[in-house]
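Order of writing sets the labels: A, B, C and D. Residues in every chain begin at 1.
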């Protein structure tokens, strides 16, 4: 069985490495070829073009930047290079719209298509501890599931690929709202003479004792926004995708509307490369806190 | 040492019972006397008036409905009935404004005053597993802390009583926002063909695996809003207190503003007695879901 | 007929002067006595105390800073000093709550009570070109209407005094929202390479050719926020009164919630004394405009 | 000089008729040919295809439904059918993004391109009393300005076509916000016992005496939402374009975010074909008004 991985950014590299370390042969390709080096060291085959990488593959994993990159790869390469019956597993966080379009296009060309966006930062990608949101036809899901399991925990969201994308977007919506909500609560307690850290300790150990609360609650307290675990520009992109899908599906989401607007302000401020928890800086300024 | 507990609603009864079961003598009073019965069965002394209950007490705990009830109790009863040096522990969720006023008033009359609002529903009050947010002068906190420990876990928030109230309000703000955010995320995934339950399973077991997420995520899914664990009218009161304190402290909180407005809509709908997670019904209607 | 005017701030002075210039005898009182000078020059009688001013008056006009000032005047002075059957015309912008309380209190003491808050800046008060929002019992309205007509145009809003207050608050809500909306539209067009002034010219001469649009649209363009026609702190007070009345009447108003929060940010910034159109500065900053 | 008009919907028909009635020869085309009948009766030449209509034209006016229709017309027809040096005047309300793309494309093919979206309903299109927002290169603007003047008042917004589109979108943002704001104010006064009509009379005759306030204030009072002057689905489209342009230009606009979300709710409700002032129905429901 030929496996191919396309798109070797921070996330893709770790995910491909998980497949290789588990003993799977893997062909890789990236536009900037040097990204392949660490993987060929692990035994990967490096292809000169995406088409060459995809040719004859049974399963193609893609992990790309955005809608445009996915559409270009599919239209220019995959639909011709992949064999009929092969399956493309799209792992990027893209729009529900492009996902529906890709689903239809692969079907028309008798290629399989699954959406499988992931939760987790690059360290989880490297460790094989991502959470993967899988959706698509049952038969194809069964074929790829054992491979996906090398990258992390697989959660099944049914037969419609864009459903898995919606889950991923909804999750990121909850995280960005959490950052905003914590920021408001912190400045509120601080204005009342209470150290935000003591509020954090209470919440993160009791009612809201969850990994994301511990992570973001701590990040905001430490105000170390310059080492971006997840860049604000990407956060803005994702909450933008939430709003696009909300509009398309006619789902009013007043908090999502508010949070997207906060991210626009953050971008206008020129903070796109900082960690998305820098959203909390806006809140401090608004409250007149130093 | 004479201990007194005033205000025996759903919460106060359980809290007073915890003190009694731990072997503390306790004088109790409630406007409607029958609420005292279960406590006298546990050995409590029942007083005929609040003044009689408070007279000669070393420590008076109060658990009341709102600002007006607290102000009336303090002005009409406690400042005269309590002995100089006695301590009043105010456990109600009230405004930061009345808390500051009560702090000043007790000080002028040489009576001790601590704020100690609590997190937890009636069952946690009965079990002695509340979370108590304590603030006030150190010496007085030390005196009451061993007693409070019978009611639950004591968290210290410094020397300013209204600081503890701010923590309680900030916590309730986070919970009401969580309900709204989950509601939006659920309708979003449902509109994309994904069962909200499967989104709930992912979130409540991974990134947002916290007690409050499990509780409210499940309540919303089950849509059993008629057995109110916490009535929407009380939720509306508390988010109103958040906004009042935000205004008073000049803390802009855009999400709190939005959420308070949603609660007004809920009250206008006549749903004040249902569980506050009924907020999710508005979201479903807005999204055109049945 | 004895007429009395209490409260001679920027607005009250002009309004009292209108009564005098029309030939009405008038007794005036202000806490800081020098404010009376310009009015005694016009023939006013200056009283040493509010009680003396109100004693024997047939009609008492009051124009005060806030709820507390109105309640103090009524409780400490008017209910005893005014004769039964005399009418108190409350022209301040206060809460609907205090207005309802004052209505009930005057009724219990057989004194007449009308609410008549006004639209217009100090120059309109001086010119007698205010817009007056009158409500209360018909018979009493008829008695004061000819006098009010010297101060401006009288609009009738029925029998419930707090109804006139609601109209005044709703009007100020529309004006503050207009300022925010214009600010957003200006930064939007500017970011697209179009001078806000040309957008202003179009709107203020066509679809939105209204006095308030011309006034605020121009103020924002000129960015002369330091000569406060209406101070931001007063704007914040009024939108706060809107929200209080919305809560009390269970009227969700999402835009009012948003706008109040913007005003809190403005106060936290320390801009309370600037003109309330300084709200537009926040918008420019958020958009990254200089 | 050959003039061509493409797109004969409710608006386009009236605009084309204005050109004809002023004595200009005009070639017209519409996908559904019967729309041409009333114009050929006025002397128009009817073409069998868009290409035939555009061939040899000096100036082509287009008035289309959306981005997709404009892009298709330009790519498939105009760039080849129009002669070099000819000018295309795009009068549709489309996105700033497509406008920038069209601007670049026409330039690359040496065709002139102007944006000229319009304010006004079909009756104003028929009467020649639209407001036209014109932007593009000066020389081309001068060529078309005398013709545009037959359709209404021409306002100039500079050299960048998407600037005129931004003005149109900003104007529609102000109108949709006006509808929402009036709706909130009306329900607020009604809940305080004041007839919204009396509030309307005050506002529309004094501070906010503007055509749009008179129009929408009255429409909401009359609640005649079924004869759509401007359909809610179009309003939703336009506020969606505002948000898209806000995102693209990094302009936070909190009120626009809120208003777009209200329109999504309206669409989810199935009210897309009613007049966009039906937004006020949501507000009444939220306030618990019949």
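The rule is simple: a contact is a pair of C-beta atoms (placed from the backbone, for glycine too) under 8 Å apart; a residue touches a chain by one contact, two chains touch by 3 or more.
Given the structure is predicted, the values throughout are model-derived calculations rather than measurements.
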item	value
Self-contact between copies chain C and chain D, residue sets same or different by half	same
Listed chain pair A-D, B-D or C-D that repeats interface B-C [over half of contact pairs the same by residue number]	A-D
Chain A and chain C, separation of their C-alpha mean positions in angstrom	53
Cα-centroid distance, chain A relative to chain B, in whole angstrom	38
Multi-partner residues of chain C (each touching 2 or more other chains)	246, 250-254, 258, 262, 265, 268, 286-288
Topology of the chain contact graph, where touching chains are joined (line, ring, star, complete, other)	complete
Chain B residues touching chain D - in the complex, by the definition given at the top	254, 265, 268-270, 286-288
Contact set on chain C toward chain D in their complex	96, 119, 131, 133, 135, 153, 155-158, 160, 162-167, 169-171, 173-175, 177-178, 180-182, 184-185, 187-189, 191-195, 198-199, 201-203, 206-213, 242, 245-246, 249-256, 258, 262, 283, 286-288
Sites on chain A touched by chain D in the complex	240, 243, 246-247, 250-254, 257-258, 260-262, 264-265, 267-268
